[in-house]
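Shared between the two complexes below is subunit A, which pairs with subunit B and subunit C, respectively.
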Partner chain A sequence: MVAPLVAMVAVFLLLPMASAVYYVFVDFNGFDPTPPWIGLSNFTELAQDPDVWAAFKNNVIWIVIGTSSPIVFGLGLAVLVWNVRRASVLYRIAFFLPFVLPQVAVGVVWGWIYEPSRGWLNRVLETVGLGSLAKGWLGDPDTALYAVLGTAIWATVGFVFIIFLSALRNVDIDLVDAARLDGANGFQRLRHIILPQIMPVFLMVTTITLLGGFSVFDIIFVMTGGGPAGATEVLGTYAYSSAFQLNRISYGTTLALVITVISIPFAVWMNRLQRKLSLQGMGA
Partner chain B sequence: MSHRTAGSSTRGRLLLTGKHLLLLGLSALMLFPLVLTVSTALKTGNDVKVNPFGLFSSFSTENVEKAWTVGDFGSYVVNSFLLSVPSTLLVVVLSTMAGYAFARLPFPGRSLLFYLVVLGLLVPFFTYMIPLYFQLRSMGLLDSLLGVNLVLASTGLSFGTFFMRAFFSDLPVELDQAARMDGASEWQIFLKVILPLVSSGIGALAVFTFLQNWNNFLVPLLYIPSGEHRPLTTGLYLFLGGRSIDIGPLAAGTLITILPVVVLFVAMQKQVTQGFLSGAIKG
Partner chain C sequence: MHIPPLKILAAAAACLLAAACTGGVPPSSDDNDSRSLKYLIEEPEDAEALKALKEDIAGFEKKSGIDVKVTTLPFDNMRTVLQTQLRSGEGPDVFSWGSGPSFGGALVKAGLVQDLTAAYDKYGWKTFDFAKERVTYDGKVYGIPGELETIGLFYNKKIFADLGLAQPRNLADLKKAAEKIRAAGKVPMAVGDKEAWEGGHLLSMALSSTIGGDGMEALFSGEKSWDSPEVTAALQLWADFNKAGYLPKSPTSVDYDTSTAMFFSGEAAMIPTGSWLVGEIDDQAKFEVGYIPFPAPDGPGIFTGGLGSGPWISATASNKEAAEKLLDFLQSEEHGRWTVENLHTIPPRPMDTADLDVSPLLTQVLKDTAKVGAGGDFGHNIDVMVSDTLSEAMYDGVQAVLTGQQSAEEVAASLKAAAEQ
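Showing the complex of A and B:
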């Protein structure tokens, strides 16, 4: 019963993964059937490539802001909707819908919102008297990355929200009420009563969004293509353009592999922490 | 909650109304990009030129017609279905069978095989997408419906197997034991006894996988280089970078791309969120 699955996984997952490891040590241009062995040259070049470091820096910014903001907003929304009965389905649909949309479509529409002359963002800024801030958000190297991030946050909040909402359903509401009677304010209740109870879920959400930040591609590729002037280039878009536009197959593969390698310790660490907390939760 | 005094319950009701107003406002804000898409897609061509982003200032279906015919979105829709439906079926069937085996049938090498399969959850598609391109090329599967369906399916199999295994593991062992006592064969047990009990899981996996495949951008971008069988996602991207960006048909194309997703999500909201939730929490 597992044979068809194993065959698929072997051919379309394990085999290309093994080739990836091989590609890294040769200089493959896409056609040469016996590419020359070059050892670790791809890695040394990568370490000295200023574009790689610039892209890596953008990934770090993306990971920090793109993980923390959806968590803060998503948790806030979940706490808001938590004890709302009526219309909660409506809110769930409204907040979660952006997450299930294809990112290409999301990128197109947000491109209009950020449009310099007629886009809604600038129009709203002008209406509230902040017209001096108006600009071509995606065309300005200083703002492009944050503009794309804004879109990504919009699309991710719902995912975080739904997960927190379901975790909150398991939170002991009597404890929260007791804390309220003891005079704990909203923030204190969140910090000391609610958060400890949903900590494993909190870490899981963090892991998922964080790991997504390492391999971010679609939304940046569609909205800015890594530009202007490399301002939004991340490791993913750089790997793509190296391999498929500059025909540097091995170099692109090395980049892609490095993305995975640096993300794995995070995954393992978060997973450990999560396990530990779940066990503690059960013991308590 | 029920033992509140009259004063605090009025205050509570006011607070709740305020909360609803805030939530409604936030919902409107979240849905605004969608409203904008519908509005621009359904404008007249002239209105698009003057006022592309003004909300609902005119009405016409000319953009939709233009996107469907001139913009080729009519054939992109067909291709999106041809790429999403078979791959989803493949994921559901293979993951259900394997999930069952991994959860309930002891066989040699079970845990090693399971780890190999779940490796796909840990290793992003990114890592092996470039070698996979050349592998498909040498197998003659580039630009083919078969090849892209197989790749799309393979990207969903690790999650699917993991997801279904969790459902099968939750069922009590006594179930198959009782059926076995009654003389049922392994296949009968699987099809008649166990499968009906995990149908909600299968439904959630099917909807979830279909959405993932429908939305997938990178796989068709990489493995359908010639453009034959191009689906909506890469079609929309191509249109975006086209000769002159014609916002009206672009909005209509965007609408065509997201409409099935929106309909499916709203209709099966429970299954979709359940899919994401149980997947995330059990992981």
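Showing the complex of A and C:
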């Protein structure tokens, strides 16, 4: 009964992967049906390309901030809404809504918000007397990456929130109450009572957001296109521009393959950790 | 019904094999439907323009008995999927595309477009010589050049009159005017460079006016270096304009649509862009608009000329005769006049414009472009003349000088390096 699945995996995963592996060893420009074999040249160039390292640095920033922030905010919101009875559905819808919006729409709307002269962020800053902080958020190389990151965090928090909220429903309330009676403060209860009970879910959410940091593309592409002058370039956007704007399909494929290879150990490590904790009986 | 897994696997393998055996390029249209054509164009910004074009094409369909299915794609998408479509054989029979080396030139090199040399003789198609050169590769003509465009400086005549300013006759005049406009609380020049391609136009117009058409040709041919003092000065000019407050706040945060909106609303007094904006100006600006070349340090400067997208025939089109008939219609005097009046675009060929029903601004643009076509000195839009690598370096470079990430000298050096690749 696994044959159909094997066939699908072969068609939609193994074959494209094999094709990608072939392209990294040739110099395909998108036109020449018989591209010349160049061996490891794409990898050599990649290692020496300063733009790759600049993009990788941005990926690291994205992974660190883009993974930790949604988890902190999402968990915080989930804990706050956990025991709310009145208008609970309203909160859930309100916080989850940004996640279901298309990333392109989110990017476009936030682009308007960040617009230097007409965007409401600068207008609000000017209204509250902080006009000196107003700037072209997406056009300033010092702020552009963080501005896009802020949008991505806003869009991801809802997902993290709803998953944690579901996990919190399975937390043993008696244990939490007992800890409170023993004098544990809010942070201690979260750290020692709640988190251990939802750890597999916590790791699953961390894995998803972490891997998203490696493959981030759409929101950056829509909001800045990797600019200004590469200030928001990440490996995903650099792979795209190499492949489709410079017609360097092989080099772009090599970059994409490298992104995949870098992210696999993290995925495996998180998965093993999650399994280990499950076997130890920890979790909601 | 139970299907044994082995059979499913065999069927999947057969499908895979069939898919893998499609090395040949099949004809792009249904052979049984020789009177139908697929015509792919870039998505126009104005939906009304597309509607009007389809109506005009309907007239051709009625006369010729050829069905034309017009489809559109956004420019960026077209760039990524066009070659795949053409290679697959399922793509368009006729498509509208740019004529530069990285546009039509790359498709010619890949053997994806039809040689039209004989068709030019057969139908007697006429274009300006310089335009025909852009679609000629190894002595063969492959496409019909797209509309003729100029890039220059539009200005709000009312703001200029209110501030007692005359039309700038050189760069010093432009700076004085910009200073006065800024002091009056308005944005002197609506420059947006968020999408980065706008930076190519900024450099093209400043450089073209400084070194002339021949100087630009020398850059493209390699006789003149991309890190020459003139290139550095042209880059520095925009950095200085930005520092002096002649551009909107953080121009790299401002997209093209916002920059045009700033001009239409009267928030900005000038906008450096191309003649393609004339139609929108006629529709949206509630004030008189003047159009001049970007001023040179020692004179009025020259317009930067360029060609938009024109029609090409796919090498895999099954009905090439019908495709040529469509091109003949698109190249006709009648259709040319229609595009000027309705789409505000200018065909790159001699045409009688005397009794055209167009605005005074478009009339002026028609006269300017006629001079360009007649062999007058005109500059070049850099990104349609150079490789993608150099274009990307230029886009990033102009953003970098505007944001202070790099100096003009550093950007010029990176342009030189990109040109040498």
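What we mean here is this: the second predicted complex is superposed on the first by the 268 of 284 C-alpha atoms of A that agree within 3 Å, B and C clash if a C-alpha of one lies under 4 Å from a C-alpha of the other, contacts with A are read in each partner's own complex, and residues count from 1 in each chain.
Assume a contact is a pair of C-beta atoms (placed from the backbone, for glycine too) under 8 Å apart; a residue touches a chain by one contact, two chains touch by 3 or more.
Small disclaimer: the values here were computed from a predicted structure and weren't measured.
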Contacts of A:95 with subunit B and subunit C, given as first, second, both or neither: first
Touched partner set for A:64, first subunit B, second subunit C, both or neither: neither
Which superposed partner A:140 touches (first subunit B, second subunit C, both, neither): second
Partner chain in contact with A:72 - subunit B first, subunit C second, else both or neither: neither
In the superposition, subunit B vs subunit C on subunit A residues touched: B
First (subunit B), second (subunit C), both or neither touched by A:30: both
Partner chain in contact with A:2 - subunit B first, subunit C second, else both or neither: both
Touching partner for A:154 - first (subunit B), second (subunit C), both, neither: first
First (subunit B), second (subunit C), both or neither touched by A:108: first
Which of subunit B and subunit C A:40 touches, first, second, both or neither: neither
Footprint overlap on subunit A, where subunit B in one structure and subunit C in the other make contact: 1-2, 4, 6, 8, 11, 15, 30, 115, 118, 244
Residues of subunit A that touch subunit B when the two form their complex: 1-2, 4-6, 8-9, 11-17, 19-20, 22-23, 28, 30, 77, 80-81, 84, 86-87, 89-98, 100-106, 108-110, 112-113, 115, 118-120, 154, 157-159, 162-163, 166, 201, 204-205, 208, 211, 214-215, 217-218, 221-222, 236, 239, 243-244, 249, 252-253, 256-257, 259-260, 263-264, 267
Residues of subunit B that touch subunit A when the two form their complex: 16, 19-20, 22-23, 26-27, 30-34, 36-37, 40, 51-53, 94-95, 97-98, 100-102, 105, 107, 113, 116-117, 119-120, 122-135, 150-151, 153-154, 157-158, 161, 190, 211, 214-215, 217-218, 222, 232-234, 236-237, 240, 247, 250, 254, 257-258, 261-262, 265-266, 269, 272-273, 276-277, 280-281, 283
Contact footprint of subunit A on subunit C as seen in their complex: 5-6, 8-9, 12-13, 15-16, 23, 79-80, 83, 87, 102, 106-107, 109-110, 112, 193-196, 248-255, 258, 262, 388-389, 392, 396-397, 399-400, 402-403, 405-406
Of subunit A, residues touching subunit C in the complex: 1-4, 6-8, 10-11, 15, 30-33, 111, 114-118, 135-141, 224-225, 227-231, 241, 244-247
